[in-house]
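Two complexes, one shared chain (chain A), two partners (chain B, chain C).
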Partner chain A sequence: MLSETFAFGDSAIHRLDPRLRVVFAGLLSILTAILNRFPAVIFAVFLALVLIGASRLPVRQVLARLAVVNGLVLFIWLILPWTFEGTPVVEIGPLVGSWEGIRLCALITLKSNAIILALIALVATMPVATLGYALHHLHLPDKLVYLLLMTYRYIFVIETEYQQLARAARIRCFKPGTNLHTYKTYAYMVGMLFVRASARAQRVHQAMVCRGFSGKFYCLHEFAFKSSDWAWSSAMGISLIVLGGLEWAPIV
Partner chain B sequence: MGADRLVIDLENISFAYPDGRDVLSGLSFKLDKGARAGLIGPNGSGKTTLLHMIMGLIPPSEGAIRLFGREMRSEKDFHESRKNIGLVFQNPDDQLFSPTVLEDVAFGPLNLGASPEEARDIAVKTLKDLHLTGFEDRISYRLSGGEKKLVALATVLAMNPAVLVMDEPTTGLDEKTNDRIVSILNTLDKTLLIVSHEYNFLARTTDDFYGIRDGQIFYAGESATLHTHYHAHAAGEVPHKHI
Partner chain C sequence: MHISEGVLSAPVLAGGAAFAVAGIAVGLKKLDNNRIPQAGILAAAFFVASLVHVPIGPSSMHLILNGIVGLLMGWAAFPVIAVALVLQAILFQFGGITSLGVNTIIMAGPAVLGYYLFTPFIARGHTTAMAGAFACGFTAVLVSALIAAAALMLTGEAFLEVSAALVAAHIVVMIIEGIITMFCVAFLKKVQPSMLSIG
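And then the complex of A and B:
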């Protein structure tokens, strides 16, 4: 369900302080999302590609993940150019494609790919648990951090329970079809999953209480900011400034 | 035996499920310091309910719970007593909620006020004592059923409780893990209360055993007399004594 294929490695990016990676990924994504000029957006894509290169992830698998995002982007290309008001450039029957629509589509495509690539390089390269502790050290509220960590822990248990239910149905010759029986069966399964998840949440809480839990979480993990982290953070800072400059510097 | 030797003292406990079904009715039970007791009873007879009551997870509808000679009245009382009574849940997936083994074992000591370094040391040592060295950074959900059970036991032992309470510790375990748990329990100098359906397991880990029936607990004899029957036997279905 969650394979964390990219989480373990020994590249320069994998060795970076997770806090730095999370902060930079956040800033870069936000900045990229509000860009409007092509040189800036292209620079953002370039930055993302540099990060992917430095993380030494298998290209094929990264492309496979990009395909998912670009599947959605494809729908934007199918709709937006024909519905966006502006200077007409193409005409197919009653459909008129506008220059502004095409420009917007291109921007969205580049931006979303840049953000996803940056997140893959910076955030997918750490285990979910590490991400949780990094967020904890960045002073995200405890409740949110532990919500993330426990979701991660129990998503596998819930998946196993779903598999059990699905198997139980299959061994009694259940074949999904387009009929009320199928809908009902799936509704029961989902309902049963909710019931089990809530019962489990209660038992987990009881087990925690038995071990002295009183609402406060403690974190075992400490991160150390190394000299290489300082070098990377300056490079990251400069690249963000360049990105901002490309977007907001007055055109001469 | 003086009252100060009593670690668990339940008096006239009653409890009914929300649907009105009585589980425990007027139950009384005493456990001395250092005792090793087993508890046997049919499914739904209230064994788990009883354990949860001792831990303060569910309040009895009637009766008094005294632990270590103190009457338990509020959640605050139980918060204190839980430092000395550890419960190992039936399903280790309920107990192990942290991403890694080390964090889970350190969770209890951290709650007891240990610093992160101390908690880490305690966790490492506890794992070593249970021959689980090397498990520290294992991901809890990727452990096998037997490993999960042993780690769950470690999470409770890391708090060094005086009393260890276990709910069906052997369910679904293979012979080898079963033997490991037996040998761990037999090296512990703790008061034990073990709920189990496995007569052989109780015979190897406890001194006395109790039965629970019709909402009451009764003394059923010495554990050494317990054994599983594989042959036809008039009393094969219920715990009994050979005279």
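And then the complex of A and C:
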């Protein structure tokens, strides 16, 4: 089932102004993505861990999430060390692992996880609706924000509808396997999902028009920038400067 | 198909973001305010459908469906897919902020391409339409894999083998996406043909 695992909680991070969290998550992610030096990358991981700590999320669930998203990273580990030209360090049969390849893999792994952890701590700790309002206040195009809010509003409804279709198939003894019948059944279920979504969209649109919808959403949510937000934003600003310093300061 | 955070180089990320912004701008321009509920609810359906896992042998794959998104939405596929990726990033952390642009291009580029290449076939008779739908589903994933491979290659020559393996690993996915797209289009043509001319 779909759920917003981390969205609700009571911690320093959950109480921060969502706009600040979105902006800082963006800056930290972009900066981390372009890092190349290990001290800087390790500091980025440290920052991400501090944020996770401050957001007091259940460690187990965060780790479970990380395990899932490290798929491509694992894929890269399986191939890159053996194909990257450089100083050989390990040999398994005909395969030769290079130091440079392993270094690159380690760098990618640390960066990837630092960014994902920061995303979990800063952005996954707010409901998507709040994110939509925050993006609206950050002047993203109106239509894009409406689309996000509309989609978010209906994913849970449509998911229930899919469960219903899947249950109906199960009751009729549908057992998925690797055969054409299975793919056909799934294709029809997906097709039915689209048909029902489209019919629902028409009803929703008509109901909205009846209530005066003229193509514009109004955002009633106001955010307040509190003194604690100022404190956090200066700490965040300093940490970004330190991170940049570790990457670009000349090595003495 | 996602490229994880922290893999790609800064120029590739920036280029992907720039193209994605352009695509989203075109898509939003073509999306009338009154069609936002329609687009949003269909986007929700795509989001849910892409969580469906279908078996392949002992393993399973999740559906991608960007071929059908293209056929149903046209250019609106760009904002719709971008929104779905944002939701995936927030709800499951598949992808993040910096790779959002590149991942939008990987998914939405082939959707729009499929819309232009295969819509004429879908309107024709049964056999042609089925062949067109299969080709649409197949090509969409193929082009996605090729764009992902290109993004990795542009990051560094060292990713040559990783890119090749990525494309190879998706060949089965392409065939199954083709089959699913074919049956799904056949279904929609029977049940709600008006949906296929949206866009």
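Keep this in mind: the second predicted complex is superposed on the first by the 249 of 252 C-alpha atoms of A that agree within 3 Å, B and C clash if a C-alpha of one lies under 4 Å from a C-alpha of the other, contacts with A are read in each partner's own complex, and residues count from 1 in each chain.
Keep in mind that, in the parts below, a contact is a pair of C-beta atoms (placed from the backbone, for glycine too) under 8 Å apart; a residue touches a chain by one contact, two chains touch by 3 or more.
Keep in mind that this is a model prediction, so the values were computed, not measured.
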Fit or clash for chain B plus chain C once both are placed on chain A? fit
If you stack the two complexes on chain A, which partner ends up touching A:90: first (chain B), second (chain C), both, or neither? neither
Which holds for A:238: it touches chain B only (first), chain C only (second), both, or neither? neither
If you stack the two complexes on chain A, which partner ends up touching A:128: first (chain B), second (chain C), both, or neither? both
For A:150, decide between first (touching chain B), second (touching chain C), both and neither. both
Superposed arrangement, angle subtended at the Cα centre of chain A by chain B and chain C, nearest 10 degrees: 70
Touched partner set for A:63, first chain B, second chain C, both or neither: neither
Tell me which touches more residues of chain A here: chain C or chain B. C
Answer with first, second, both or neither: which of chain B and chain C does A:220 touch in the superposed model? first
First (chain B), second (chain C), both or neither touched by A:208: both
Using the touch definition from the top, say if A:249 reaches chain B (first), chain C (second), both or neither. neither
For A:200, select first, second, both or neither according to whether it touches chain B, chain C, the two together, or no partner. both
Please give the least Cα distance, whole angstrom, that chain B and chain C reach in the superposed model. 8
Using the superposition described at the top, list the residues of chain A that contact chain B and also contact chain C. 128, 149-150, 152-154, 157, 200, 204, 208, 214, 216
Chain A contact footprint on chain C (complex, rising order): 2-10, 13, 24-25, 28, 31-34, 36-45, 47-49, 51-52, 54-57, 63, 65, 68, 72, 79-80, 82-84, 86-87, 89-94, 96-99, 158-162, 165-166, 176, 179-184, 186-188, 191-192, 195
State the interface residues of chain A toward chain C in the complex, per the touch definition above. 2-5, 25-26, 29-30, 32-34, 65, 68-73, 75-76, 79-80, 83-84, 101, 104, 107-116, 119-120, 123-124, 128, 131, 141, 143-144, 146-155, 157-159, 161-162, 176-178, 180, 182-184, 186-198, 200-202, 204-205, 208, 214-216
Contact footprint of chain B on chain A as seen in their complex: 127-129, 132, 149-150, 152-154, 156-157, 200, 203-204, 206-214, 216, 218-220, 222
Which part of chain B faces chain A closely enough to touch in the complex? 52, 55, 57, 79, 82-83, 86-87, 89, 91, 93-95, 97-100, 102-103, 106-108, 110-112, 116, 119-120, 140-141, 155-156, 159
